[in-house]
Structure formats: C-alpha cells, structure tokens
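Before I ask anything, let me first share the structure, which is written out below as structure tokens.
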Amino acid sequence: MSDIANIKLSNAQIAWRAAQDIEDGSYVNLGIGFPEMVARYQVAGRKAIYHTENGILDFGPAPAPGQEDWDLINAGKKAVTLNPGAAFFHHADSFAMVRGGHLDVAILGAFEVAENGDLANWSVGKSGVPAVGGAMDLVHGAKRVAVITDHVTKTGAPKLVERCSLPLTGVGCVTRVYTSLAVVDIEGGRFVLREKLAAISLGDLQAVTGATLNLDGPVADLIVPEL
Amino acid sequence: MDKTIGDVAAAVADIPDGASVMIGGFGGSGAPIELIHALIDRGPRDLTVINNNAGNGRIGIAAMIDAGMVRKIICSFPKSKDPRAFTEAYLAGRIELELVPQGTLAERIRAGGAGIPAFYTPTSFGTELAAGKPTAEFDGRGYVQERWLKADYALVKAEIADRHGNLVYRKAGRNFGPLMCMAAATTIVQATRIVEPGAIDPEHVVTPGLFVDRVVAVPHARQEEDLNIEGAVYA
Amino acid sequence: MSDIANIKLSNAQIAWRAAQDIEDGSYVNLGIGFPEMVARYQVAGRKAIYHTENGILDFGPAPAPGQEDWDLINAGKKAVTLNPGAAFFHHADSFAMVRGGHLDVAILGAFEVAENGDLANWSVGKSGVPAVGGAMDLVHGAKRVAVITDHVTKTGAPKLVERCSLPLTGVGCVTRVYTSLAVVDIEGGRFVLREKLAAISLGDLQAVTGATLNLDGPVADLIVPEL
Amino acid sequence: MDKTIGDVAAAVADIPDGASVMIGGFGGSGAPIELIHALIDRGPRDLTVINNNAGNGRIGIAAMIDAGMVRKIICSFPKSKDPRAFTEAYLAGRIELELVPQGTLAERIRAGGAGIPAFYTPTSFGTELAAGKPTAEFDGRGYVQERWLKADYALVKAEIADRHGNLVYRKAGRNFGPLMCMAAATTIVQATRIVEPGAIDPEHVVTPGLFVDRVVAVPHARQEEDLNIEGAVYA
C-alpha cells in the first residue's frame, strides 16, 4: 500500500473529476472547504449556478484582494462576487431551496461514507466544540448528493466503510463518491465501483476500502489532467 | 442557460391528462389567463387545479371547467362575481372540491416547496374543516396537522422575468405565485417582459430562477377582471 | 320587541363604534363585506395600517371610478389604492402576519357568536357551495378579534348565543362584539355587557340575546353620531 | 406612526436580565455590531442568544460572552476564525449550547414568526441531533418534529428603513434578519439610512414594517469582519 501516496489524485484533481459530472444548467451547492474547489474546474461551455446557503444564487469567484465586500460572502465566510442574474434571499428561502430538493447537485466532504449511503462529516465525537452548520440540511437537499474525499484517512484507515462509526450527518443520502483513487456509486445499499486509477489494482483498491466494492459492468480508468 | 420558450402553446404542450396544476392568482390579480387559455386549447382532462378561487365568468379557470377538463379543485373560496361554471359542475357532482382555509392553502404550498411534509396550524382547529386530520396540543393550545401540497405543474404570471427565470411580480398580483413556483415539479411562467440576466437587481428578485423551468413572453397580457367586464367568453 | 328595528344602529354606526377602539399605530385586518366599512370611520389623528390577506400592507380607499388597477385589490377583490409606506408580499408571508399574531385587531362579521368566544361566520350548512377564504386564519390572527353584527338575524333570532349551531369558524377566538344594540365583551366564557343603547332596557336587550348578558361594573350608553 | 428612536443605547435600554435575544447576521455579514455593543454597555445577564454563530474575535457576540452576559447560545456553527470567547466559556461549562442545523434554525425562527408551533423536516433524521425529538414517517420517509423558536427581542441590521419600519437589507447581510424580525416580541433594527414612508418602493420591501418595533439610524455602521481585521476589542 505504500505507493498509494504516490499515485493518488490531489485534491484539485478530485475536484476536477467531480466537476466533469456537473451538467449544463445545474444548480449546485458546494460544501465549505475542499468542495468549494470544484467550482474552479467547471467545464467550459457549461453554465452551473452556485447556491450558497447564506442567501445568494449565482455567485462568482473571489474578488481581487482588497476588493472584498464582507456583506457578499459564501457559506465559508469567504468574499465572493456576483454573476449577472444573481439573487439574494433570506435564510428560510435559502433552505427551502435546499430541503425542497431544488438543487441538482450538492458536493460535500466526508469523514466516512457507508455503503448504505450514510454520511459522517460534521463531528469527530464528543470532545471539543460541536458545529454542524448547513451540512445536515444539504444531505437532504439535492437531487444528487456526492462526496469528494481522500480514499483513506491521514493514518491510512478507510473512509469508505460498511457502517459509519462517527456521528451521522445523514442517513442513506450519498449516491456517488469521488475519492483520490476511484469513483464509487452507492446503489441499493452497496458500493459499485465505476472508475479507478489504472495504477492501482482492484485488489489493492479493495484492501484500502472498508466495505465490498461491487462491480456492475466495466470499470473505467479514472483519468484526470495534471493540475 | 435560457429558460425562455417560444409561445404559450409550446409552454404547456406537455401537460397530460390527470396532471395536478397550480394556477397563480387571487381573483383576477396575477391570473395567467393566456397560459390557461393555451392549456384549454391543448385540452388535457381529469386535471386537479389548485388556485385560491374556482373561476369567474366564462374565461380562465371557469372556461377550463366549462370545457370539462377539471376533475378536482383545491381552493379556499370557490365563489366570485359570476361563479356559474364551478357552481353548476359542483352541484351536478361533476367536480370534486377540497376546501382549504386560505392561509393553510398558502402554507401547504410553501411547505411543498420547502421540503416540509407536515406542519401544525391553529387554523380550522375545532371546525369541520379539521375533520379526520391529526391534532396535537402545544403549550396548552390545540393545533391541526396539515400536509404539504405539491403539483406537477404551476402556471404563474410575473411582470418581468430574466432568461434564468428570476421573477418580479406586479402589485398584489404576486399573491400565490412565488409559492407555486416552489411547489411544482415544472413551473411555467408568463411574463410581460423578458430581460437579460443582470437586468433585475439581485436585491429585488422575488422568485429566484431555480424555482422556474420555463418562461414565455406575453407582452400584452390581459387582466381577468377587464375581460369579465367586457363579457369575454373563452370556448 | 317591535321597536328594535326603529332604535337599532345602522351598519355604518356599528362600524363607527368599532372604529373608535382602534388605537393609533394599529395593524388592522377588516373582513370582506360589512367590516370593510370600519376603515371609513378611522378616528382623525390616528394612523391605522390596514392589512389585506392577498398581500398588501397599508392600502388606502378605493380609487375614483375608471382608475381601478385590478392588480391592486383587497381580499374582497375591490380595487384599492396605496398609502406611502405600503408593501407587497406573497400569500405565505401575508398569513404569517395573520397566524403569527402580528395584527393588533381583526374585525369580522358573524352569523353567530357564542359566550365561549366561538364564532360561526363561514357556512350556513350543507347546501350550496361552501367557501371559507381567510376567515379561519383571521380568527387566530390578531391580538384582538372583534365582531361587528346586527344583534339579531333578519328573522329576529339571536346572533349572540350560548353555543353556535352553525359550523364554526374558530373556537374561543372572539373577545368583543359590536352589535346594533350593544357592545359586549367575552370574558371567561361569558358575555359581559359594556354598552347598550339608552333606548333599550336591559331586560329587552336580554330578551333578544341568546345567552346571559353579565354585568361587570357600569354599563355605558352606546352613543354614536348620525351617519 | 414613527418607530425611530434616538440612539442605540435607547433602543436596547429595556432588555432585561434573562431575556432571549435573536441577533441577525451570518458571520460578519448583517451583524448589528453597534446594537450589540450598546447592549454590552447596558449589561443585562443570563441572556439566551440566538444567532447562526457564536462570536468571532473580541467584539460583537464574542464580547458579550467575554462580558459574562450569555447563559445559553442557540446556533448552528459556534466556530469562527477566532472562536476563543465561546470556546473557553463552553469548555469551562460557563455557557450552554443548543446546536441546531442551519436550515432547521432558520425554519424554526420562521415558524415562530408565522404561528406554526411545530413542523417536520428530514434534516437530522437518524442523527444524534434528533435525539429525544418526536419523529414520524410520511410517504415512507422519516422526519423529525421541530418546534418553533421565538424570542423576547431581535437585534437586526438593515440597509434602509422607513419610519414605519419597512426594511431592505444589503446583499447577503439579509440572511436571518427578515426571519428574526418576525419571531421576536420586540424587534430592534439598526439601519444605515432612515427614510420617509413611501421612499422604499412597495415592491422592494423585504421586511414589512409590521414586524418591526424600533428603528435606529447607524449611518456609519462597521462591518464585524473589518473590525476583526483591525484587531478591535470591545470591552
């Protein structure tokens, strides 16, 4: 397993891969932190409209340094800009969009994802200060809820597991996982491998995955550009 | 991303028999008359119509009823200056009525759009309109549990739309429009004017475009009330 | 009893009396029909802001004939005008104002009012087409829910009763009734007479009232101007 | 009808010990810093604060915590760039935390303002944040029952207010403001500009004046984020 660190995708590459599945005309929410990176790799010629739960639809990238307007921020409290056609709304309307299933895609980070679609991404347990933000809403908030994550933890433990051990964010909510090694769908309570890096064997991939990777048709090579 | 569609006929062309259709408007204010008449031209049957009222005169929803397209109406106030179409169909047993208090109707539609499957309201508690519904007591007061209301389609009238579907309304024509846009699987909007994205100030948008699927320009939209004053008939 | 028809207040006079109790700065909803008349008698020097459930706050009187804008109507679908400081909002926000208790006063008509505060004003029974509109919301919608009504029906039957016989609009919701003969509060499940026309004796008033009129302190003369 | 009040001190002068206080803002956007600091000057104790966050740096809500005024915080995300004030008080057991998912927090506040004592949401179903709450199944899916949230006071920042209390906000500073205005017994608003009734287009009003009790002009309102960048301390 020691060579996983050498072959695995960077965060940028995982974000790039996730961006390829965002269709033209999609309404998208990107979780705070790593998922925000997906917007950088929006496919040319496709228009995605980004939603931020603090009340903006169709915001754009960060302004130039020094040009920040701190009333114009995203859910991660980073300064953003507006695209033509943007709209402001209050928090109840914003979460009506989320909870009402009006987003096409939500992309979130994960501590653990289980083969039954359960997600744990908000709490590592009892110590410290708990904080949940909008994560528990977002997992019920989109027609498609995807996760982007390293395939294993910093200590090498699997993040794709049979059952989550950490406090849940949502039950049975994730349908696709983009990892540093593979693209895995969740269907009927099991992981189905769709793509993997050519450099890793199925056996080695299974060895760093905490639940069975099922096959359902051919497994494509996970191919991403240098970034 | 361009949600505009060529004409009202194309905008409603896929509404099938048996569909549930929310129709904006309170009396004539906000009534999307041109979309309704396009739907009459298409002629699907067995529709469930959700509106505050149940038609007035011989146009709009009343004309849908006269055309035999409506199986059921969900509304708060099926009376109007000229309620013949609904009254005759109802008394003859040709149309089903679900009578809902106006605020409950609005809140049920909002709940449908907001992913809230049920809520409690004091409205109708202890009355016959609460019959058969679950009740609960909170802080010593009785409440009725009401369910969300969704629909397959919404027909809504706006004043200005941009190509992304952002909307502003005109005066009290707003009424149920923003709620119905949220609660329908497919939302079809007629707008007096269609503008480029960015032409509506982001602070002034009432319905963000994500709630809207199709936008059709009807620059000379008629007011239901004016048509009724003229004695118009759509058949 | 035959002289009740001669001494009783006109609708305009009942509306005038109800208007005297609307304090400066009040938010008020007037039910469709007869209650709309209360706005005509707003006390000079007091500002009341009128709410209509179809989404306007601070509307004004009807426009001149021919000047109607049919997108600018009240709940009774009559054309209105706007005062400076008016606002438009959608139906869910409008009934949030109602149900949330943000109105100071709602004034409604009645078929029957019971001594326990129950109101019947939407249905006369099973025949014909039922219609409820916003009545069932409004009875739970104001800090003070008052009724204006003739004291008896057209056939002379009491409208103030022990228990409503018609389908209820709301349970225990009315706190004051302005009739063509008297002003009656509802307190602790009983009618308390506050004012009556000087021309009618307490006994005669009781005789046309379907439940006991209790006294709690002095009964004032109900005095209204010619209108 | 004139809801304006002379200064921020007068605006918050009656907020007593033990009050529940909703405070608008998401991070620094929409945070009514001047009203908060006026409340610190007054110094009521044992407050319950409802906000999306729990303070950042040494100003605003963080400074309220440092001043020992806050008994409990109801929020979704008690973390920030500089969360020392809350973190220290929380870990020392000096402050109680009710953690609520952000959308549920928003909806509970709206419900409080809209007279809806309880509603069902999919959010948090099956998680530890649903522990002890009633659940129900609708159409085969599990939901959690959540209760309305009201408060004695709301402190909200608007961009423009008229003398009747009609409000518009600035960009994403809107966030919880319109909801909190609805849900508090007494709503206190600081506005950058106060105008005469009629100066705000009725189509553009975001918070109708009936939800607002007091309006105070703070023409040179500071942004919490800017103050934190400057290293400001309020004590």
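In this document, chain identifiers A, B, C and D correspond to the written order of the chains, with residue numbering beginning at 1 in each.
Everything below uses one rule, namely that a residue touches a chain if its C-beta (ideal position, glycine included) is under 8 Å from a C-beta of that chain, and two chains touch if they have at least 3 such contacts.
Quantities reported herein were computed from a predicted structural model and do not represent experimental measurements.
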Item checked: Chains touching both chain A and chain D, listed by label -> B
Next item on the list: Please identify which chain has its centre, taken as the mean of its CA atoms, farthest from the centre of chain A.
Entry: C
Note to self: Comparing the two chain pairs, does B-C have more C-beta contacts than C-D, or is it the other way round?
What the structure shows: B-C
Check: So what's the Cα centroid distance for chain B and chain D, whole Å?
Finding: 34
Check: When the centre of a chain is set as the mean of its C-alpha atoms, what distance in Å lies between chain B and chain C?
Finding: 30
Notebook entry, point to check: Roughly how many whole angstrom separate the Cα centroids of chain A and chain C?
Noted result: 56
Next item on the list: Would you please write down the residue numbers of chain B that are in contact with two or more other chains?
Entry: 107, 110, 114-116, 121-122, 169, 171, 202-203
Note to self: Could you pull out the residues of chain A that touch at least 2 other chains?
What the structure shows: 56, 88-89, 92, 95, 98-99, 140-141
Margin query: Going by the touch rule set out above, what shape does the chain contact graph take here: line, ring, star, complete or other?
Written below: other
Next item on the list: Check the chains against each other and report every pair that touches.
Entry: A-B, A-D, B-C, B-D, C-D
Notebook entry, point to check: Which residues, counting only chain D, touch chain C once they are in their complex?
Noted result: 1, 110, 112-116, 162-164, 166, 182, 196-198, 202-203, 205, 208-211
Next item on the list: Could you pull out which chain C residues touch chain D in their complex?
Entry: 24-25, 27, 47, 49, 51, 56-58, 82-89, 92-93, 95-103, 140-141
Next item on the list: Going by the contact rule at the top, pick out the chain D residues touching chain A in the complex.
Entry: 26-30, 52, 76-81, 83, 86-87, 90-91, 97, 99-107, 109-110, 121-129, 142, 169-179, 206, 223-226
Checklist line | chain D-facing residues of chain A, complex | finding: 52-56, 69-73, 77, 88-92, 94-95, 98-99, 118, 123, 129-137, 140-141, 167-171
Check: Where on chain D does chain B make contact in their complex?
Finding: 107, 111, 114-122, 136, 138-139, 141, 143, 147, 168-169, 171, 202-204
